[in-house]
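Shared between the two complexes below is subunit A, which pairs with subunit B and subunit C, respectively.
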Partner chain A sequence: MSTTAAPEKGTPRLSENGRRRQPPPAGTAPSAARGSRAMAWLFLAPTIVGMGVFTLVPIVASILLAFFRWDILSAPQFAGLANFTEITSDPTVRVAFGNTIGFVVVAVVLQLGVALGLAVLVQERLPNWLRVFFRSAFFFPLILSAASVSIFMKYLFNEQFGVVNWLLGTVGVPAVPWLTTPVGSACVVVLVYVWQNFGFSFLLFLGALSSIPQETYEAASIDGATGWRKHRHVTLPLISPTTLVASVMAIINALQVFDQPYVLTRGGPGDSTRTAVMVIFETAFQRLEFGKASAIGVVLMLLIMAVTALQFRLSKRFVFYQ
Partner chain B sequence: MGDSIRLRDISRRTALGALGVGILGATAASWPRLTATDIPGRNDGSLSIAILGTAADAAARQKAVDAFRRLHPEIKVRVQAIQAVDWKDFFSKILTMVAAGNPPDVVYVATEGAQLFAEKLAQPLDEFVRRDANVMAEYFADVHPSLVEAFMYRGSLYQLPMDWNAANMYYNTSVFSASGLARPADDWTHLDFRAALAAMRRANPDGFTPYYWTNRLFGGVVPWLYANGTSFLSEERAAGGDWLWDRFYPSDPSRASRSGGYLWEGPNADDPRVVEAFDFLRGLVKDGLGVRPEEGGGNSLVGLFASGRIGTTPAGGYWVQGLAEAGMGPDAFDVAFFPRWASGPASAAQRHQFGTAGYAIMKTAKDKDAAWEWVKFSASREAMELLFATPSTTPARRSMVNEALYSGKGPAHWKVFYDTLDRFPATGPIPAPPQQAAVETALIKNVSLAVSGDERQLKSALASLQGDLELALRRTP
Partner chain C sequence: MTTTASPAPSNRGARPGTRAHRDRSPDAPARRRRRPLDWSLAGRVAVLVVAAALTLGPVLWTLSTSLRPPADSLRLPPSFLPLNPDVTSYAQVFKQVDMALLVLNSALVTGLIAVGQMVSAALAGYAFAFLRFRGKGALFSLVLATMMVPVQVTIVPVFMLIRGMGLSDTLLALILPAIPTAFGTFLMRQYFLGLPAELAEAAAIDGASPFRIFRSVYAPLAMPGLAIVGILAFNFHWNEFFRPLILTISEQNFTLPLGLVSLQGNMGTGSISVVLAGVVLSMIPALVVFLVGQRTLRDGLTAGAGK
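Let's look at the complex of A and B:
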């Protein structure tokens, strides 16, 4: 039963600070509300128009295009589900999706692991001024163009003339064919991707770690927890909402990886580093099969949605909200 | 100060409103910029010419544009430089412009895209060439028919070759002499080449690569396939083209073998001679004589070659200017013919690979006569001397490949460039059917694997190449 009685009809209502709110003059309230709504729409308009034109329309157009054959040069022709049946039997598409999933598993685990490990180190071991330095230093690669980073990494990992092999050579390690063998190429693509992207997850984790009250750790210490057990039973549960956000974002980004493999290896040797987005690019802009490329895009979109939904479903079991 | 407006009197809504008005005003003021209508030559009836390159490359053509305007003051010209990683990327961008309803009138197209354009986008030049046959006779007399044939497609001519490059073999002369090697004979074989690489390897054990090559359509695996009288695609000739050959090359020694253009319609990666050529390259990689064919860029290769870290590499006349700019003296490098295959039916032909480029008129060009005037003028000696003042490519006109062009820059045997066509008439263009992009992707995908493993991997990679090519050629371009 409610303890507050509803105001009687005609009784002036009180505003939040307790002052009596003056009723608006007759006839002005609807127009003021209308004006306010119009103003709200006016301010929202640029975002709505931008999202509509640059996000919503392309999404809808891509979905529609997936049911057509279109080579840019002639009019689109309705193809029903032909594009989807073709991509299921295309070995390159299958390999590319397999590569992408493998890449996501390795890259995301590495990215989150490195980011969390470094965040814990920086938060616990370093003074505040050094924390600021590392926050910027680790974030810096993210603001660089992925294509530029990949171009100079390609030089660094060149088998004959690269700095990496030169350094390894100084300690007696023979030249490693980084970019010309399937395993070497995959390793370089993952390394370059993780190096460039872990900074964002690092910042998220650092923020989450700094919000854990010191008293919680003190209480855990009193209960006898030390070292790893403290992190296992205090840190990880308390930052689990951040871990969820970081992992969702990392997985979505990794599923769309393109720049690094495209510049570093062009998907090779063979198809060993070809990813789903690379196949979309090649199918659309090199083979001029825009309908088929859209169909691959739709499948990738569904995959991303399914993985994200699964993550949120699993989060009910693993994420702890205070 | 009673009448003055104090800052606190301005409500947030007023301030935001003023900001909105300001943004609208700025947008209106910059509308010509935002819609790109302020670009000179845009929507004013100018002939729009797309080239692969930067704004600096477009500016470098300004002298030719000025000279053209003096001849044709009624035709406005706008050169659009389109930056791209390679020709494949450039063609993708042109296609995007077509899709956006803003195609250029004339496009500078290399062999890689010649058949794609001929099949889908370009206007045949036959009528124009016939109409101006008297003027064009001087041009054709100066240009090797192999270059012209590369731009014939199913009996029609689509482009006039402006510049070209064969895959010749560059070598670092100081590395050669330090390894006890003399200049290769003109008819050296692939086995002589391998022996030269082995000598360089012995003389330079560390940090040195005797042979550097790249995995691309030009200068990669194809020159070796041509040397062995084969290719990864079947090669046929289309009927037709007599109208051109009879009129402009009636007494050319190769007249009888000229056709209506090349046709590459089937995969041929399982040909035993393809396997043999790949196996030779695999042996070079295995024995540390050559690199795995990475996606090397021209710029990095120039630097490595100029610094003596590479002994040999296949390239065309376009490399000379780059090497000079990298500090190589005219005697520090030289060029030789590509080796012939030591045995077999192809050993006498010593077939080389070349690529050429020229202007194509788009079917959608607004004023095709004006476009033809530009194409015709560009092929004139006057224009080509303005365009090719330095040896950054090989001019299509034989008379321009002369001592003066290479003076002070080298190489000593610059005659090799045009002699490649004159002495080896079987020399052929990059195999680039209309489905070139998919074909090149298939090649790049499989070549690295073919040459960097054991014999089993080689066969499996070539089988995969055969399958990928079948799929690629089945596609409508």
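Let's look at the complex of A and C:
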């Protein structure tokens, strides 16, 4: 190898027009550039050690802890599957998982629908400055903290002095008890969450739409497809890979919802807006049942992994790749 | 939105899309004169304007209410534009909470996480791109797999670890676990792979050590990639709520989102303009990032979807 590399080094590289760069041969100089193995581990150390300590060990510990009872004060006691049987019969946990799944379905459908609709509107013929303005506007909520957003939204949705009810009042709608009724609270959590997050799916859809060649639409319109049918038969199939990625990312994020319900409703009224992560938080850090909290965490992790696995399955069956 | 039919098939020059639109600008005015108002365009813009108003309205209300006198902050009709700005609430919020300390804590935590992520991701990304070691592929898959595990699932053991290390209720408890970054490592690896490998060979012939090659040749070239890692880290951790809620206990270690939520709890529905003043102040750094690095942030946020 080193003998073939030697003459090559003498010839000026730049003059080798059109020839692909060759993989670095294992000669003396390149091997110096690629370093010794020990050197590589020095480069990797901060990330690998950090991940080992703060991610991998905690994952294993979390799974193990799910089979123990532990209140941090006394020694952990092996409990077998007790934590899992307890959480399946615990009404609060069941309600919280039900709420979370319901939330995911409604929020994700709304988020993707709004995002796709707006992306189509922005992508079609529009003066460029308007396109830039709308793109920035829809992106803007993503840079805010969910806690801050929930703080001001809580005021906006206040029953007596909130702006939302004031606006509804100007068109004759009586005051809606947003944050004091189960249905109202659930609506607010969904709306606030979607308000902040639709911009992300919007950006993904916008990227996908802008990569559809204009010729495709021209061909479709020659075949007589206009308006809705153009989108139904051309746009939707062509962006299906993005739709899948955007839905999976949205589902995984929505499954972990915490900040909005915590700040807006603290899970209430009753348990009506309590989510899975809120229950993990309360079980562990308010009731000190760390084993049970880990068991809930493991169930949530399995849910997330199932969604990811489903993504791979679906992408083979339904997504149209060019 | 579906009835926004594009021009009829016969109108071949005016296909939707910027390029066609821009290329045909010479005859665009002529067309506009023939058709005084493009109803489909007007309808689309109207829908978009309503959507933008719903998106920006709450933020504008927050800004202008924070600039109303506290006594007026609940008065309807609401204000969406700060026509008579009054900064009483801004003075008040510094009296109600230790705003300066909250800002300092947030800045320290976010800044150190961002720098830590940039350094560790650059090093690890470089190793995965260029260096030679056993088990590279498996290790890289493992790093990527950690991206799938949400922080909420590992928080209980992380809390225990932090306690065991004697770091509970310190800012380091927030900083250290956030430094290793799978996404940043992935991003930097991709970035380095896009740079020519010949540079390393040339530098090695000149006698540069592998670390020297990294520091003086590749790291400077990878600055745009590092900027993405830094900006994403900043945006995420400046706004973070869940981990600080669990890992900090005393108010002197609170970060901004936590401090503001507890301020809202303490104030009830009193003078909301004071709370909103705090919210507006906490948005300023994010706003600066938005104005300066929106493109970087957009590219970074959507980069994860492309793989």
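We take it that the second predicted complex is superposed on the first by the 274 of 322 C-alpha atoms of A that agree within 3 Å, B and C clash if a C-alpha of one lies under 4 Å from a C-alpha of the other, contacts with A are read in each partner's own complex, and residues count from 1 in each chain.
Just so we're on the same page, a residue touches a chain if its C-beta (ideal position, glycine included) is under 8 Å from a C-beta of that chain, and two chains touch if they have at least 3 such contacts.
This is a predicted model, so every value here is computed, not measured.
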Kindly say whether there is room for both subunit B and subunit C on subunit A in the superposition, answering fit or clash. clash
So in the superposed three-chain picture, is A:268 touching just subunit B, just subunit C, both, or none of them (first/second/both/neither)? first
Considering only touches as defined above, state whether A:286 meets subunit B (first), subunit C (second), both or neither. first
Spot which of subunit B and subunit C makes contact with more residues of subunit A, would you? C
Figure out whether A:180 sits in contact with subunit B (first) or subunit C (second), or with both, or with neither. first
Touching A:39 in the superposition: subunit B (first), subunit C (second), both, neither? both
Touching A:73, do we find subunit B (first), subunit C (second), both, or neither? first
May I ask you to decide whether A:305 touches subunit B, subunit C, both, or neither, giving the answer as first, second, both or neither? second
Based on the superposed arrangement, let me know which partner A:158 touches: subunit B (first), subunit C (second), both, or neither? both
After superposition on chain A, which segment of subunit B among 41-49, 131-139, 239-247 or 293-301 overlaps with subunit C? 293-301
Residue overlap on subunit A between the subunit B interface and the subunit C interface 39, 43, 72, 155, 158, 161, 285
For subunit A, which residues count as touching subunit B in their complex? 39, 42-43, 71-73, 155, 158-161, 177, 179-181, 265-271, 274, 282, 285-289
Subunit C-touching residues of subunit A, taken from the complex the two chains share: 9, 13, 21, 24, 29-37, 39-41, 43-51, 53-59, 61-62, 65, 72, 114, 117-118, 120-126, 128, 130-131, 133-134, 136-156, 158, 161, 163, 166, 195, 199-200, 203-204, 207, 214, 217-218, 221-222, 224, 226-228, 230-231, 242, 245-246, 249, 252, 255-256, 258-259, 262-263, 277, 280-281, 284-285, 290, 293-294, 297-298, 300-301, 304-305, 308
Which residues of subunit C touch subunit A once you look at their complex with the stated criterion? 1-6, 8-9, 12, 14-22, 41, 44-45, 47-48, 51-52, 54-56, 58-59, 61-62, 65, 74, 76-78, 116, 119-121, 123-124, 126-128, 130-134, 139, 142-143, 146, 148-150, 152-161, 176-177, 179-182, 185, 196-198, 200-201, 203-205, 210-211, 213-214, 235, 238-242, 245-246, 256-258, 260-261, 264, 269, 272, 275-276, 279, 282-283, 286-287, 289-290, 294, 297-298, 301-302, 304-305
In the complex, subunit B touches subunit A at residues 13, 16, 20, 88, 92, 95-96, 98-99, 120-121, 207, 209, 212, 291-292, 294-295, 300, 304, 309, 435, 437-438, 441, 444-446, 448-449, 452, 461, 464, 472, 475-477
